[in-house]
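This is the structure I want to talk about, given as structure tokens.
Letters A, B, C and D name the chains as they come in the text, with residue numbers starting at 1 for each one.
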Amino acid sequence: MSRIFKYAFVIFWTLFVLAPLSWALVTSFKTPAAVNQGATFIPWVQFDPTLDGWKDILGISGYANLIPNMINSMIITFFASLISVTLGGLAAYGLSRFRYGWKYYGNSDIIFFFIAQRILPPVVLAIPFFLLLKNLRLLDTHLGLILVLTSGLMPIVVWLMVDFFNQIPREIDEMAMLEGCNPLQAFRRAILPLSKPGIAISAIFAVIFGWNDLFFALVLTFTEVKTLPAAVVALNGTVTPFWTLAASAIFSILPLIGFVFVVERYLAKGGFSGAVR
Amino acid sequence: MSLELKDLGITDGTDMILEGITYTFEPGRVYVLMGRTLSGKTSLMRTIAGLLDFTDGDMYFNGEDFDVLPTWKRSTSMVYQQFINYPNRTVLGNVLFPLLRSGLSKAEAKAKALEMIDKVGLSSFADRKPGQLSGGQQQRVAIARALIRNSNILLLDEPLMNLDYKLREQLREDFRELFTTSKDSVTIYATTEPAEALLVGDELLVMHEGRIIQSGVPAEVFENPNSVTVAQIVNEPPMSVLTAEISNGTFSIGHRMKSQIPAHLVGLPDGDYQAGFRASELTIGSEGDMKEEGEVDVAEVAGSETLIYLNTPTGYTIVQEEGIHQYISGDKLGITIPPERAFLFDLSGNLVVAPGN
Amino acid sequence: MRDRKRLLTRLAPIPLVVVLAACSSGGSDQGAEDSAGGGSDTAAAEGMGPGPAVKEATFDQNGLVDYTQQPYTPEAYAAAAKVNDGDDDCSYYETSKKDYSGQSITVLAPPPPNMGEPMAQHGAMFKELTGGDVIIENVSVGELYSKAQTAFQTGVSPYDVTVNFSTWIGDFGDFYYAIPEEYTSGTGSLATMLPLYKEIYKWDGETKLFGIDGDRHFMKYRTDVLNDPAAQAYFKEQTGQDLKVPETWTEYNLIASTLNGFEVASQPAGVPLAGSVEIMKRDDLMWSAFINRVAPYAKNPNVTTGFWFDENMTPQVNNPGFVRGLTEFVEATNYVPQGGQNFGLSDEISAFGSGQGIFSYTWDDAWSQANQDDSPIRGNVEAAPNPGAEEVWNSETQQWDTPEGGVNRAPYIAWGWSSAIPQGSENKQMALDFLCFFANEANYQVDLTIGRTGVNPVREESFVPEFWVEGLGWLPGPTQTWIDTLQEYNTASNRVFDLRVPGNGPLMAALADGVALALAGQKDPQAALDEVAQKWEQIVQDIGEDQIKEAYQAVIDLENS
Amino acid sequence: MGINFYKRLFLLPGLLLLIAIIIFPLLFSIRVSFSSWNVSRSGLDFVGGANWARMWSDADFWGAMLRLLNFGVVTTSIQYILGFMLAHYVWQGIKSGRLFRLIWLVPLMTTPSIMAIVWRSIFREDIGAANGLLKSVGLSTIGWSTEIVPAMFTIYVAEIWQWTPFMFLFLLAGLLILPKEPFLAAEIDGSSPTRTFWRITLPLMAPISIGAILIRLIESSKIFDSIFVLTSAGPGNATETPTYFLWKRSLTEFQIAYGATLALTYLIVMIIVLTIVAKVLTYISRPRGW
């Protein structure tokens, strides 16, 4: 019974997940007229498919070429995620293992401080960040956007990784230290190999959130480092080109699917059994 | 190469975790720490290992301030009561790990590790991961890792605690031999088992509430516990402590059972005392002068013996009976108390007289 | 107790930071330090850039401009007619004599096709002619304002040209460079622009916008429906009146409500026919549509003290004229297409263009869409001035007036696309030359003929039907109605203009908020507009009453002209 | 180099980088909230607490804040339940688990603002897929974006579709690192799967769950794109949330000073609420004798 429910739910959810994506895929092959004349679902039968939407975003029709934007996004996402996962992972490890703080301000407050950075919506940080980057002469540069994104991604990494490190028995790093590793070496040699699932998930989150950041990219760049989402949103003119945007929606998740496919294999079950009974 | 603790203490807020620990550990000897859970054994070991900061006193190793050295420079090895190993490494990898920073060549290190693995009896498991081993085997890996570095200080924190009875007996036997390989080390071994203490220890330190309350040769401490507390700690099962009185030439227990003053108690002034009896020296049955009727609370079989916990009018009493017997809660049993085996303590708990052997 | 401590410690960084902020507040005026503003006289001389070097013309005088041969040619231009180069100062010939190689300008523009496409097309050609780079940053229409404003407010000047809505001039006027007079007179490319629009593109007496588009809101109606005998009979039966092009909003509503859902033979298959297609989505230019609905009720030709405020700067948005307009706007929610209460401009254009409604009444876009080759209602749409009203509120006498001739007309000269050169630009000369080239005779003509460029008639020569019928292949009948409509707007005397004052954004947002509440039925029209009026007073206070009043006087002058 | 050196080495690079990046925006926001910077007046004058007083009596803002009870809490709860179910299924093992896992993560990968436009194309009542499907099976159509309940429903659907994978992955991470032993023990005791779930899995997952719920509360309170595109805060102002409100004040009306005031208020309120929520959740999930 519960087995039937389980698979029914799994199938339902999978269909629910795929439905809008299929709709986007179908829409991406429509002409404007086909979109505006009511909902149709089956190409060739209900409408004549065209590649115009795709030509429009790949620079073939001269309308827009999203490939340079995708490269920008890759550069920015890669470095912002790398910095976030590295520094965030170290900080999370520290917060999991040591006691920090000043008077009443302790570890849990520091962790909260990290995550609190995500409370403010980007819309209100846009102007201050704009001024900051202006004064640093980093407007419209990769570095500027990487730094700003890092401030948003690192908190997620810390938040996730603290819980994760808490699950790894402390005795393991103590043991490594007893065996002659300084804490950094203990982290690298003893803990890091155990943390692959945590790092994989942090990296997935960091990359996805970094990749999909729209608002900072929109405000803090002009012409040089337009990222993919900013470029896609910029396609939305007086008349919303649903067909082109649908194609872009599909196009912009392709690299992420590849990345997640590669990284996701590290999410194996039973992380630390055999470490501590 | 001695480890010297001077008035060492740890205070956390108002909690005293360790207090006034003064002791000198010499190399080549095995020191057994006994004490109940939370008595400070683990804290003391972690302090020595540098994993815990102390707040008072001093610690010297070889005459030099030990406190300035971080854990990883102290040359300390530790075996935990849980079986801690690197789950992602093989047995060989685990045993090799401590050698990585030793400056040995890879081949040398490997040879040495294999030798140690052989010594703990795991040669056929060198390529397995800890998760694929039994508990006892895992603990052997941990012990091999601890021994391989020839550390100056070897700390074993109840290493046999989580093993079953048989494995415990077996490993216990191995220990004496294994420890002889580390002649230059200070070895500190924490346990709650008197048998272990007697078997592996050169010195016994009894800890209670963060203090060392008695130290000495294990047999000596065992025979002459200086207080009720020590007596309770070093006896497993604990002693039954009953009220006693000496007056007018009679020795009475619980104001009810009376007998002649046994030989070792002769000459003591009249007054109220406490009398402690080892469980193994109390017997089931109603013989002799001092007998008592009790009601079984719990009875459990340990190895080839049966432990019976009884409520008696005099107090809670624990009896160890040879052989395997079955009792159920509420059974009425007679017990016999041998007055000549009484450890006599004064009312504040200090030893007055031990029965001797 | 512990909990309270926890909470306090979490908030602890805030007071700390407040102290730091207070300490740092002394000399720091991060944003304002180099933000431009005010005195255009001094700025005029600055940042003009090196200007062009002179070179041999590479384009024949009065040569044929063939858009298919240009470096960037999207589909729309590939189909465009070939035209002869004009005689203006910025013709292909004249521009080809300028050498801008090694220089570049950055343009902030909406994405293709609207404005983005001509920018890209002419930018690429400009580079071919002069060697100067025209870099275009496209942002979505919704982002244009904040993108430009962020730069202006913080004193950053990444752009040499910004494309914008002309209604933003109240906020941006001071940040713009004044266009020299030579461009708007003589043989300048803007010389033949209608005087009305020349005025609209001025701020504080100076031309601040490089006018590339002229807009107004007008009514589009479906002739196939209004001329359908069955519909006529049905309408007569239901209302006792003849079915004709509505003269007033009352008639408009009556027709739209009566024929909502009516089936006519010419209706595109599978598309239900609704009465009216309107912009009702709150933050998607709905306020602009709403102005049409109230204009004839609230713009009284006898009142010269203003449409939006009276002389004491008391908001008029809740006067009975506005309330009447809103009441009818709310009624209209009953006969818009399905989901029409949530239509933005984009939806309005595509919905009317695909035949979903009998009426629509905002910008030219829906008109262009309906006239495109692939439009299912091509040839069935005509244009007329927006409906009027049979009575009009007099804010001076505080009563309803009956207009002369029975109908009060108050066309809304709505804002449209325009472009400007920010004060902060370092290469104004090149920016000017580019905009001027963009708007030269040949380009203007061709852009006009391509509906989706967003360029609409703004110059005298465009208001002849032949131009459209021959140039674009539009059908003569509908085109004539459209030209007539535009001409009527150009010459009308009782007109409504956007509230071109600083704070236009917040004022219109407040208006839209109130109207949305009424549309959703959460408030009745009077209460909703009273709240708007209250907010307006607050906004006027915040921005500065004098400042707004001064700017508003220019709007009143336009209204009364 | 003692332990303190390393202790700092772990935390400080990240913390200091973060502080370096956010200190200016924070200071600036606080400073600017005491100024009158608006669309026609850029610069940092000092007007005292005028903005703060105005915020206090801004009924629209507080109305929007109240709406978070709806959007933040409801969507987070649904996401948590669905995400937990999915994660639990994958953790228990399902056929083609990796494939499902990958497919379920795809929504998270889409850009919310672009996806919102796709949702608009689905829920547009005249040409959208949702009504199209309803019509094709002969059902009556629904006013997805023009009636309050369906409008909220569409926003829920968009949010749940987009963000449940986040919960799923976060919780899966937690499940994957759970110790095996309690489950072995339960198996030996012959505990039923349901019992095991309620008595072992759920309590063991409490810390991770709280972490996931808090971060989703933070994130879903920032809900913006779907509202902007789908309903434009309508009908009326029924779907106007603080982020939307802030966005309008700050970036469309450029009431920079007032916007900063609202933002800081929002920050403070959220810190207080989240701290309380964390406490309550910790209290509810505290270990109990069963």
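Just so we're on the same page, contacts are C-beta pairs under 8 Å (C-beta built on N, C-alpha and C of every residue); 3 or more make two chains touch, one makes a residue touch a chain.
Owing to the predicted nature of the structure, the values given are computational and were not obtained by experimental measurement.
Interface comparison, C-D versus A-D: the higher number of contacting C-beta pairs is recorded for A-D. Note: centroid distance chain C to chain D, computed from Cα atoms, is 36 Å. Remark: chain B and chain C have CA centroids separated by 89 Å (rounded to whole angstrom). Averaging Cα coordinates per chain places chain A and chain D 15 Å apart. Centres computed as Cα averages put chain B at a distance of 54 Å from chain D. Counting partners per residue, chain C has 6, 10, 30-31, 146, 150, 153-155, 347, 350-351, 354 as the residues that reach two or more other chains. Shared interface positions of chain B, defined as residues touching 2 or more other chains, are 70-71. Contact of a single residue of chain A with at least two other chains is seen at positions 35-38, 112, 116, 126-127, 131, 182-183, 233, 236, 240, 272-273, 276-277. Shown are all chain pairs that touch, namely A-B, A-C, A-D, B-D, C-D.
Within the complex formed with chain C, the chain D residues making contact are 23, 26-28, 30-31, 34, 36-44, 46, 60, 124-128, 131, 141, 143-146, 148, 228, 231-238, 248, 251-256, 268, 271-272, 275-276, 279.
Those residues of chain D that touch chain A in the shared complex are 1, 3, 6-7, 9-11, 13-15, 17-18, 21-22, 24-26, 28-29, 32, 82, 85-86, 89, 91, 94, 98, 100-115, 117-122, 126-129, 131-133, 135, 161, 166, 169-170, 172-174, 176-181, 193, 207-208, 211, 214-215, 218-219, 221-222, 224-225, 242-243, 246-247, 250-251, 256, 259-260, 262-263, 266-267, 270-271, 274-275.
On chain A, the positions that touch chain B within their shared complex are 169, 171-172, 174-183, 185-186, 189-190, 193-194, 272-277.
If you check the complex, the residues on chain B that touch chain A are 49, 51, 70-74, 76-78, 80, 82-88, 97-98, 100-102, 129-132, 135, 138, 145, 149, 162.
Taken in their complex, chain D has these residues touching chain B: 1-3.
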